[in-house]
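Chain naming follows the written order as A, B, C, D, E and F, and within any one chain the residues start at number 1.
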Amino acid sequence: MKYVDDFRAPRMARALAARMRDEVNPDRDYRLMEFCGGHTHAIFRYGVKDLLPSNVRMIHGPGCPVCVLPITRLDMAIALARREGVTLCTYGDMLRVPGSRKQSLLKARAEGADVRMVGSTMDAIKLAEDNPDRQVVFFAIGFETTTPPTAVALKVAEAKGLRNFTVFCNHVLTPAAITNILEAPEIRDMDAVEIDGFLGPAHVSVVIGSQPYDYFAEEFRKPVVIAGFEPLDVMQSILMLIRQINEGRAEVENQYTRAVTPAGNAAAKAMVAEVFELRRSFEWRGLGHVPYSAFRLRDRFADFDAERRFDMQPGRAMENKACDCPKILRGAAIPTDCKLFGKQCTPQTPLGSCMVSDEGACAAYFKYGRRRAAPARMEAAE
Amino acid sequence: MKYVDDFRAPRMARALAARMRDEVNPDRDYRLMEFCGGHTHAIFRYGVKDLLPSNVRMIHGPGCPVCVLPITRLDMAIALARREGVTLCTYGDMLRVPGSRKQSLLKARAEGADVRMVGSTMDAIKLAEDNPDRQVVFFAIGFETTTPPTAVALKVAEAKGLRNFTVFCNHVLTPAAITNILEAPEIRDMDAVEIDGFLGPAHVSVVIGSQPYDYFAEEFRKPVVIAGFEPLDVMQSILMLIRQINEGRAEVENQYTRAVTPAGNAAAKAMVAEVFELRRSFEWRGLGHVPYSAFRLRDRFADFDAERRFDMQPGRAMENKACDCPKILRGAAIPTDCKLFGKQCTPQTPLGSCMVSDEGACAAYFKYGRRRAAPARMEAAE
Amino acid sequence: MKHASFENGVVEMSHGAGGRDMADLIQRLFVAAFGNDLLTGEEDQAILSFPAGRMAVSTDGFVVSPLFFPGGDIGSLAVNGTVNDVAMGGADPVALTCSFIIEEGLPLADLSRIVASMAGAARAAGVRIVTGDTKVVERGKGDGVFITTTGFGQVREGVSLSARNAQPGDKVLVSGTLGDHGVAVMGSREGFDFQTDIVSDCAALNGLAAAVLDAAPSTRLMRDPTRGGLAAVLNEIAEASGVGISIAEEALPIRPAVAGACEILGLDPLYVANEGKLVAIVPAAEAEAALSAMRAHPLGIDAAIVGEVGEDPDHFVEMETAFGGRRMVDWIAGEQLPRIC
Amino acid sequence: MKHASFENGVVEMSHGAGGRDMADLIQRLFVAAFGNDLLTGEEDQAILSFPAGRMAVSTDGFVVSPLFFPGGDIGSLAVNGTVNDVAMGGADPVALTCSFIIEEGLPLADLSRIVASMAGAARAAGVRIVTGDTKVVERGKGDGVFITTTGFGQVREGVSLSARNAQPGDKVLVSGTLGDHGVAVMGSREGFDFQTDIVSDCAALNGLAAAVLDAAPSTRLMRDPTRGGLAAVLNEIAEASGVGISIAEEALPIRPAVAGACEILGLDPLYVANEGKLVAIVPAAEAEAALSAMRAHPLGIDAAIVGEVGEDPDHFVEMETAFGGRRMVDWIAGEQLPRIC
Amino acid sequence: MCHAVPARVTRVLDGDLAEIDLGGARKTVSTVLVGPVIEGEFLLVHVGYALGRIDPDEAEATLAALAELDALEEARS
Amino acid sequence: MCHAVPARVTRVLDGDLAEIDLGGARKTVSTVLVGPVIEGEFLLVHVGYALGRIDPDEAEATLAALAELDALEEARS
């Protein structure tokens, strides 16, 4: 597979590993946050960790769309799915995420709610067309990657005059989240979670371009390397971060030049701007309320807005108090710090959102790195 | 079972049989039409024929509600059931009756139509209440017995203001059918199907009383005995007919006095009159168009009339030309006269309506009397 | 590791997906209930030693609705039904396999009850459940749970029963009252809308069958009159053996409430299902012995000789009515639908 | 007597009601296709002679959707799946039973195709279908057709395979490419929306299994990696045997289009189902012999040694990634859902 | 025509309903077409409705007539 | 974040659609977010939409840089 296998070649991995070993300063730690779950996934799935120098520490960020959705929003979706006459559809990973009282969309479906998995917003449109008697709600989640497809669907629904299609919009914005992390008290005040550099988003950046990150590099004096999701991309980007750190630079560099340009995808950005507008504030799991960090539908699309069509009241979210997801999502803890990890909480019985998606840090630790998790915990305790 | 077993006692049957043997005039035939399928069923199920003198010949009448429904009406019901959003419900026996092109409601259901069996009109109401998103149509068939329950359901639907409940009304009237038979050319002109007397309806008469039959006895000079449906009722009634015939009387007698009064059930009749009005003419299978022989909903109930709510066009009925049902239903042939009987046409593969219900003459012959059918055919050929 | 609760959880797709949820369900429910040294839940097949000889094998799918009914449930039915089909072959049932096709959303508490009931029925019948399978289908693609059981047993030395064996002069025996199962199930089904105190006769007949064979070793064949009732079984026998069969209505053991329910519904008890009764065709000379053996068994106290086999080129089943006439007892046509007219 | 047409009719409730419609269907479809001297359609059980010894029995329910997919259908799957489970027990499969649970409305033409496919698969595998059962459920209470097959066979003298037998040092062999069945089925399923030229590997493995046992008589165990794929089978073995297993990603035979489809869907081929592959755990000394035997068989040409058994108190399955790292290969959690993020 | 059974009222229920019994099989039926009923009387039940009542005296009379016939036959034989 | 794959356009279809191929697995995706595409080019595909294109020169450059690194290591060892 062209552009896939090329970036998974073990020979290059060995070369990059050797280079890193050569270049790291043995007297310091390199604490690098991979913002994206895609990076987390690649690191664990391909065993990248085994190839990194021991003083390069990867810190997992909040870049997993299903992980950061607050329970209140998920509870609203579950309640909507349970309504008579409603068919709720969403992407696969979302189905298993636990809401309050161990509910999930999958459980709601087992109990009779009409919940469907779709692979594309076009499937959601088709579902609405095929089921004129039902109210089809697309439960839209995700960052700047999944937002343009939702915008397309809304424009199609408008053009077709679909009366039974709405979107429950939960699209969120990456730059807002990164700013929030960098401004977080843990980051600002506590040495423990000091971050030395960022792996910047791959596919989000395809849409928004590399330019939005300039601000961070300048404002927070942190190096940023926009990194592809293949394991060689990740390793090369880590090497680029090591070099910036060693050289005291704090720039935005782009490793993923084959797909990311400074300006991004203009057509997609325009489509998003046409359909969505910023919310004043939106709650993120782990980050709390983050200003201007999410989209809602513009008034022109009010008829397609599930929040306006249905009376959706956010209930009192019942977070599992012992779940460390909030801390993990802002890089202030690692999965093995959580007392529930691997015991009560497993991918089979997830108690927090980080244990659900393959991009969630807890799931990645459990599925691909459980053995290493124990020493990692000790490391963390040191 | 009181009032059931009492009227099935074999000892009394033997006494009645002996009495008949004594009283029949061996020089003549007694051609008696049992109007009702209920009588036909009892005669075959209990083996009553074996107990009758050989010159008492039972001729099966049109008194089987599923048998007399014309194919056009059934086709309309099947087409309605196939419509998106429609749930059609009716009594069990109706489901198997073949319409045009070997279709039936059961086949339509197997092919995806939403067809339900109900045991009572109240079940139909409940179905409508439980499925507010669906148009529930009760496919109403039957004589004066099933008509009052339909009337009750319509009044309940009106009181409850049900917007998704309608009735496809096919209720027909017994006296009109009897008149038609007695006026039929076969009866009037052809010696072969001369009828010497009638077993009058049991349960229809519970509702309409015995009085409506006075007209036939007088006008057509035929004896009528209203007969219960238990085998002793049938035998005793046959004895009563034999006596009238022997004595040259043509009266209406009531054997079924434990349930039938001269006036019938006043409350039921009033309810029917409130809800229904006569159609000018209605088609009967076997009898053709019979004036003032069926009901339709009064204008007050127009909102509950499936024929007014839905655009229901009677198609071209595709009767099976070889099927002798029409003749059988007016007593002009017996099942074994039909070339298809027991060959192409069986209860498993009914080609005509008379092969469906347990009260249909062909089904009764096939299920309970096939062996005897062959000699019977020869008799008929004599 | 946390587990789905068997008190208030429901079956989810993951219980059939081949992962840990499935392994848990198998271990904590099926293996725990059926457990024996052959069923460990770890293998895809059971290995058992089998003596040389003839083996009787039978399989049946069980799809009853509702899953629980007076006198039984789909679990006991699935065990007894297959035990009986094996026993009707003149064999001593020794083992069963079971395959569950479960609809997403089935309460785990219901599944537990069903599995416990199967385990109890297997114990009572003296058979082991040696291997099984679990599949989960999406909501709306099943009906609670379907269970297919397959049973096998060793056929008795010298015994060879077959639907083809009936001969003119043989007697027709039934081991007890007819129609109890069907009426119990219909009575608990929504839409049928009647009540009785009748409970299903669901039971394992291997003991009774063995008693019959001991007492009447020339027994031609045995059948359990399930779907289609006595009428179906007698017609099948008449056709396979090329004979006629004549039964006497008066001799048929039928409970009053079964007769009453059939009267209300316009059904004929001859066509109503049984799950704990057997029909035996026995040479006249051994008929009384077979009857006595049945009546001496707790499951056969209402046994009766109800008819006999005759010659008939048409292979008809006929009945002397209690009323004094004769009529045919034909195959059931289509489904037996409640009669309103 | 007229019969429902197998060309344009559909299955109706009466086909399962115990009357003539059912008898017709059994005779004209099932008996006609499977026909052998044991399956006459007249008995409720089959009687077959069985030599003394150990018998392997296995049962599986088949619920695949769609019913027809590239390379097979639910019929061939139901035969091969159970033949394979019997063969994995070290037995020569001899006979199958089958139970059909059919949804009202299934085109009779589809049912005919499925039955013909079963007959063909049984012939190819050298097994007889000796008895069966048919039930029909109402529209909306099933999914076309579910088939449960139960198979049995005689276990080879001296062979005793078990998931508990794996020992440190043993080699892990797979008989061919992984994930073909799952990808073929997903590709033909509505909503998955991708196409490949991949066809299901659905095949009977009894010949291949026999070849392995001939060549490597000390083989510890064999398994067909169906639901949950290779990952599920290896985890089951590790747990049952109390060992660890380590595989090498580079050694895994995977077709490019399977890899491509998994890449698109975000799935891992290790978890994707196979229906014509076996995993064998073989002592190191016989591993090469087993591999040669596999490769010499038409169903094993892509066979490979993919890993080995080790000691591990955690009973983990781990993988050397092609990239040069190591990772765990855990049980599948829940269902494998396409990954979007 | 039309299948109906004579069944005994075992319980009078609210809303024009009654529980009836036939040989131990019970059912709830509507009595709206026959007016108030009392426990113990027999109704003629059809598709879930009582269509009429069984007059016990008339039933007795019919059975008595049959018995008389039987006695006559008995005497003759 | 967000799972996406680089896939080759095998057929340009009407209505802003294209058939893409990855290792022999084909899929129809919407190209409405990237504008007109041509056969043979590589798109980055996510939830049924092309989100962007793969620039072959840049990909080459990245791989070349990696190869250079490798050569360097090779030389050193």
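Everything below uses one rule, namely that contacts are C-beta pairs under 8 Å (C-beta built on N, C-alpha and C of every residue); 3 or more make two chains touch, one makes a residue touch a chain.
In this text, all values refer to a predicted model and were calculated from it rather than measured experimentally.
K.L.:
Across the interfaces A-D and A-F, which one involves more C-beta pairs in contact?
P.N.:
Most C-beta pairs in contact, of the two: A-F.
K.L.:
What is the chain whose Cα centroid lies farthest from the Cα centroid of chain D?
P.N.:
Centroid comparison gives E as the farthest chain from chain D.
K.L.:
If you average the CA atoms of chain A and of chain C, how far apart do the two points sit, in angstrom?
P.N.:
From the centre of chain A to the centre of chain C is 56 Å.
K.L.:
Just give me the whole-number Å value for how far the CA centre of chain B lies from that of chain E.
P.N.:
The computed centroid separation for chain B versus chain E comes out at 22 Å.
K.L.:
Taking each chain's centre as the mean position of its Cα atoms, how many Å separate chain A from chain B?
P.N.:
71
K.L.:
How big is the gap, in whole Å, between where the Cα atoms of chain C centre and where those of chain D centre?
P.N.:
Their C-alpha centroids are separated by 30 Å.
K.L.:
Quick check: what residues of chain F touch more than one other chain, meaning two or more?
P.N.:
If we look for residues of chain F contacting two or more partner chains, we find 1-3, 5, 22-23, 46-48.
K.L.:
At which residue positions does chain C touch at least two other chains?
P.N.:
If we look for residues of chain C contacting two or more partner chains, we find 12-14, 19-21, 193, 256, 259-260, 263, 266, 331, 333-334, 339-341.
K.L.:
Residues of chain B that contact two or more other chains, please.
P.N.:
1, 4, 14, 37-38, 64-65, 91, 106, 119-120, 123, 142, 146, 346, 348, 359
K.L.:
By the document's touch rule, what are all the touching chain pairs in this structure?
P.N.:
A-B, A-C, A-D, A-F, B-C, B-D, B-E, C-D, C-E, D-F
K.L.:
Going by the contact rule at the top, pick out the chain F residues touching chain A in the complex.
P.N.:
1-6, 8, 22-23, 30, 32-35, 42, 44, 46-49, 51-56, 58-59, 61-63, 65-67, 69-70, 72-74
K.L.:
With touch defined as at the start, can you tell me which chain C residues reach chain E in the complex?
P.N.:
Contact set of chain C toward chain E: 183, 187, 193-198, 255-257, 259-261, 263-264, 266, 339-341.
K.L.:
For a test of understanding, state which residues of chain D touch chain A in their complex under the given definition.
P.N.:
Its residues touching chain A are 191-193, 256, 259-260, 263, 266, 314, 316, 318, 321-328, 330-331, 333-334, 337-341.
K.L.:
Mind listing the chain C positions that touch chain D in their complex?
P.N.:
Within the complex, chain C touches chain D at residues 12-14, 16-23, 42-63, 65, 85-86, 88-89, 91, 95, 97-101, 130-135, 137-138, 140-143, 146, 148, 150, 152, 155, 160, 162-164, 223-224, 226-229, 232, 236, 240, 273, 331-336.
K.L.:
Spell out the part of chain A that touches chain C in their complex, as residue ranges.
P.N.:
Result: residues 106-107, 109-112, 343-346, 348-349 of chain A touch chain C.
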